[in-house]
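Multiple structures follow.
In what follows, subunit A forms one complex with subunit B and a second complex with subunit C.
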Partner chain A sequence: MSIPALGPPAGRAAGSVLARRNPTVKLMLLFVVSAVLAVIFDPVTPAVLYVLAAAAVIASTGMELTRLALLHLPFIGFGLGVFLVNALSRPGDVWWTAGPLRITVEGLSVGGSLALRTLVIGVLAIGFITSTDGVRLMHSLHQQGRLGPRVTYAVLAGYRMLQEMPREWQTIRHAHAVRAPLRPDGAPSRSPLAFGRGAFALLVISVRKGERMALSLESRGLGLSPRTTWRRVPLTGADWAMAAGVLGVLATVVVTSRMLGHLRGVEALLS
Partner chain B sequence: MNSTAPGRQHARIRDPWTLRDLVLLVVLGVVFGFLYWVFVQAWTALSIAMGPAGDLSQHVLAGSWLLVAPLAIAIIRRPFAGILAEVLASVIEVVFLGSAVGPLLFIAAAIQGVGSELPFAATRYRRYTWLIYALSGLLGAGLVFCYSAVLSGWIGQDLLVVRLVIHLTSGVILGGLLAKVVVDGLARTGVVDNYAIGRRVEADRVIH
Partner chain C sequence: MSSTESALRLDDVCVAFPRRPEPILRNVTLVLERGEQLVVFGASGSGKSTLLQAITGVVPHTVSAALTGTVTVNGRATTQCSVVELSRHVGTLAQDPSSGICLPDVEQELALPLENHAVPADEISERIDRALASVRALTLRGRRTDQLSGGEGQRVALAAALINGPDLLLLDEPTSMLDPAGVAAVRQAINTAVAAHGPAVVLVEHRLDDYAGPDGVAGLPARAIVLGEDGHVVAAGATSDVLTEHAGRLHAAGCWLPLETELQAVTGFSGGLAEPAVRQGLRSHAPPAPAGDRAAEPVGPVVLAVDDLAVSRAAWVPRRRWARRRRVREAPEVPKLLERVSFRLRTGEVTALLGPNGAGKTSLLLTLAGLLPQAGGSVSGPRPGLVFQNPEHQFVAHTVRDEVGHGLTDAPPGRVDDLLDQHRLAHLAEQSPHRLSGGEKRRLSMAAMLAHERPVLLADEPTFGLDRRDTLATLAALRSAAVSRSVLFSSHDLRSVAATADRALVIADRSVIADGPVLEVLRDPVVLERAGLRLPPLLQWLLLEFDSADQVRAVLSWLDAAPAVVPATAAET
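== the complex of A and B ==
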């Protein structure tokens, strides 16, 4: 068991154009695009944005299409659920009906919009995560994002802990499997109660470990400020160009969509 | 450095955060981030299989996302511990675990942190009864529901009230009462003796 997003970005994405950009700028752009999309409720605008975003991610990371498609799976699953529930449960002009089920035009429109929004944020998040090293991001947030040194090092210590956690979890589950009563077929219990016991053990071990970590960080002077840093994460003209490009495209799409009469805001939920 | 006079009962706002407290917040975020991740592995498949009902079933577990805030407040006992814990947990989920919600999770986390923290703040971080924990879960779930209702387009659906009821119930049980069970369990193991919660127990022992 390993966590896919942990560890340095793998494959071609590591040396790609996107991987060389400043992590704080990437995170801020992801945040801005998500926030703008959160108030758009028509299907056309996010559909256009999705095509552009997917093209940009493929071009700037050089990711294989099959890998990109695989990483899409959770977003597609989530989006499909949101789409179906809106199509079936939103009142409005009935488009199709069968027994107790009815699909409305409003439901299709809002559901489609929300599902496409999930995909836009999803494809951008894929681009961000596959091209960004977590440690570099925290250093960048410290240097450019003015995140305090103590919070930065605390999160980095937590990151290290997270990397070891799958192994810790396996150890606990094995230890419980040795002692706990087994199921009739000899397998260890998979009940929520067993999960809870393991979770509590993990919590206790981690709190204890965290206290030791804090002590060792303090004894190395990492709780003090101000600090100098050894490796600076660069913030270059290319980063500003990327920010301008992304925001420019976003603004153009939203304004064009409004001029063509497609754009709808939160009022779409109430009509 | 951390000695507290026995009679000194109120939360100290002006003292800077110690590294120990900050690391504890991060540790809580990491542990719960990891547990959600383990859980979501199974959950995504299940919710796809359930189709439209999968979208509803998310509310059953909604309260478990609130758990970090009351834990942090009860252990550290200082203002903003709950909000900070929620936000740090969301950072770990988005940045290191690749959550499907994306960075909007930071805002949701801050909102539910505020909701969870309000009841404790109202008692000036002095009372840790079942009622306060339950209120914390209720408010946390309620506030974040309003936010999600707009963001996920729940407003205007036939199911809005059903969603709200399941969501709030889950908040009270998983995000409130369960937190007290976990906090009391942690206190019994002794791992949090060196935090404010342990010092408070020590102080009570001196007085009585």
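== the complex of A and C ==
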């Protein structure tokens, strides 16, 4: 083929197996796993899935364990919160009590399930985000996900604006600080009000720029049909194999869990 | 769509905006054949941009305005087809490279118009190469768009506008936001690309002095129209004829004009600097050469002392303590933009800060204003004020009045009104700062900063993007601010610098390479070479012709202030 495919950009995870996979396929798999997990309410099934998912992400991205652990923090925090709320507030057989606090068996089970679910989705999201280039994702969503060109390129233009925003924000903050009163230590004061003014200025400037960019996109003929596509994001056998593998493992775990009597669905909430 | 259709035809076009009582364009009639080039002259606000919008179909499709008459592009009435549909025939290059480029990579940016026009995929790569080659930017193909300079960005945007071979190319102030090197590169790119593709061209540009370049009037499109203040076409014809006849009117309207036209407007003679009568006219406005050494002008005391200052952008990046401790040995040296910077600013003096793009002029000003931490050395003196390149970055309030009063704690009553009057903003007091024109925004940003009465005023490219009238007003404001202050401003416009500044501070090669009386600095070929500064022809001639700074400055200020003379049509024929 004479036209080179749109591969992942050179970078940290560029060479990894997961980075070479089709972004739309990865995103769809993330959705399917999340959807299946949404109706599972026992702790064992998501625990097994979490171990498998974490192993798969480490193997396919080659990520350092410390980095993976660090990226887990928000999910662990959220999971812990969900776990505690359920353990302490869900009615059922009391397992432990101290003063006004009581923890139920059902609470532990459902809370644990929800917390582990958070971690499964979390680790998969980490794998997806660290291995996927935003530009390639949009092109792939356009080519394989049937996303319209207007939406695709509007998002890509927004991405470009986002690249320039930190610099713009820095300049606005500087420009506002010139007239700000000084704190006792000599630095310009930075009040929440000043922050709001800066945000407003950034908004005005960005909206203007967005209008001009929209005109530029129109003047480039965005929205004409028919249109062609130059460099394709490849969709290969390896992508289908990955999809089949992930769905196969998911089905196997769910079925085995059911056979062993661990699996519980929505009814777990009603007991 | 037959080949006999004109590329562009306007018939009796009027455009009126809903909330303005007067139409902005009136009865504009114009025909442009394929391959013909047209330049549109007119003062700020005369409807030049609206004319381009009416051609692209943005008026009336995107911007709500009443359009009467007909605009046809390649035989298609713009009212009958959408802006996107018209893009099959029209390429547009807008003024701001940061919003004229939409995608993160140069390659994708150029592929987009081809994909939209359904060019077969296997032809796209080659056409990208051809388009980039035609704007002399082949080496940019693999670059990310956020790393392009302004001039590079404009060339990529021009390639994208031309890549589908449009019948009509619209250039909307394509070089007004570029530094001199960028202007030259983009001008050459436009010339070669237009020669290669052969579209009809409509150019709107207010820095016509820079845009015309060394060729002068011959460097402009061959045909011209002049839009009057009321939106009528007041002249049309060959560019040199139009300029000869209307030089005075355009000059009086505050337009930037090619040098020979400006000289004709004020001396009454055509022919530019090569013409003896013009030279004589200029000479006659210089005072006699002073006998002997002139006594040094009295300047005030030092208000800002800069000693061995180092400037770094990276210094502000917050470094986590634990990270620094852990990797203390491998911590990279913070790269310094400037080192060993020492100079003094005195009350009553205007100093120009010169240097190539990226030399660190803005970072130096930010450091002096206390907004970037010093990476070494010291700055001693009271807190300076700073006016930013883009006035919008400074605006904090919702009305002009509040903007001027912002941060004033113990101002006497009436102070804000005085400032509004002084800076000709009183009639705009209740408007939103973001809705003002470019010149008004600049006046407001200066007034708001001057309200703080800081003994040092810093300004970053304060005349950038302004028309001639607003540029002169801004320079005059800097000059009068210096009566009770010290002023330091950065600029690329050496003529303005020579006319306004007392001293020049030149930075290049990571330090100060010259600091002295402005004309002495500008006479030093080594300094000019190292800082990448190129003297405009007028200044070059003046520096050769006159020895004393007073004489040079007298001629420049006479030129800036001179009323236009009535065209000497009789003398020409």
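A few comments on the model shown:
Basically, the second predicted complex is superposed on the first by the 220 of 271 C-alpha atoms of A that agree within 3 Å, B and C clash if a C-alpha of one lies under 4 Å from a C-alpha of the other, contacts with A are read in each partner's own complex, and residues count from 1 in each chain.
Operating definition for what follows: a residue touches a chain if its C-beta (ideal position, glycine included) is under 8 Å from a C-beta of that chain, and two chains touch if they have at least 3 such contacts.
Being a predicted model, the structure only gives us computed values, none of them experimental.
Ranking subunit B and subunit C by residues of subunit A touched puts B first.
In the overlay built on the shared chain, the residue A:P91 is in contact with subunit B alone; subunit C does not reach it. When the shared chain is aligned, subunit B and subunit C each come close enough to touch A:E218. In the superposition on chain A, A:R231 makes contact with subunit C only, while subunit B stays out of contact range.
In the superposition on chain A, A:F75 makes contact with subunit B only, while subunit C stays out of contact range.
By the document's definition of touching, neither partner reaches A:A59: not subunit B, not subunit C.
When the shared chain is aligned, no partner comes close enough to touch A:A241: not subunit B, not subunit C. Once chain A of one complex is fitted onto chain A of the other, the partner contacts of A:R197 are limited to subunit C, with no touch recorded for subunit B. By the touch criterion defined above, A:H174 lies against subunit C but remains apart from subunit B after alignment on the C-alpha atoms of chain A. By the touch criterion defined above, A:L260 lies against neither subunit B nor subunit C after alignment on the C-alpha atoms of chain A. Overlaid on A, the two complexes show subunit B and subunit C touching the same residues of subunit A, namely 3, 153, 157, 159, 204, 209, 213, 215, 217-218, 222-223.
Per the touch definition, subunit A reaches subunit B in the complex via residues 3-6, 27, 30-31, 34-35, 38, 41, 74-75, 77-78, 80-82, 84-86, 88-91, 106, 110-111, 113-114, 118, 121-122, 124-125, 129, 132, 134, 137, 150-151, 153-155, 157-159, 161-162, 165-166, 169, 195, 199-200, 202-204, 206-211, 213-215, 217-218, 222-223, 266, 269-271. By the touch rule above, subunit B contacts subunit A in their complex via residues 17-20, 22-31, 33-35, 37-39, 44, 47-48, 51-52, 54-56, 88, 91-92, 94-104, 106, 150-153, 155-159, 182, 185-186, 189, 191-192, 194. Listing the residues of subunit C that touch subunit A in their complex gives 56, 58, 62, 83-85, 87-88, 90-92, 94, 96, 98-105, 108, 111-122, 124-125, 145-146, 157, 160-161, 164, 366, 369-371, 383, 385-386, 388, 390, 392-396, 406-407, 409, 434, 448-449, 452.
The touching residues of subunit A, counted against subunit C in their complex, run 2-3, 135, 149, 153, 156-157, 159-160, 163-164, 168, 171-172, 174-182, 186, 188, 194, 197, 201, 204-205, 209, 212-213, 215-231.
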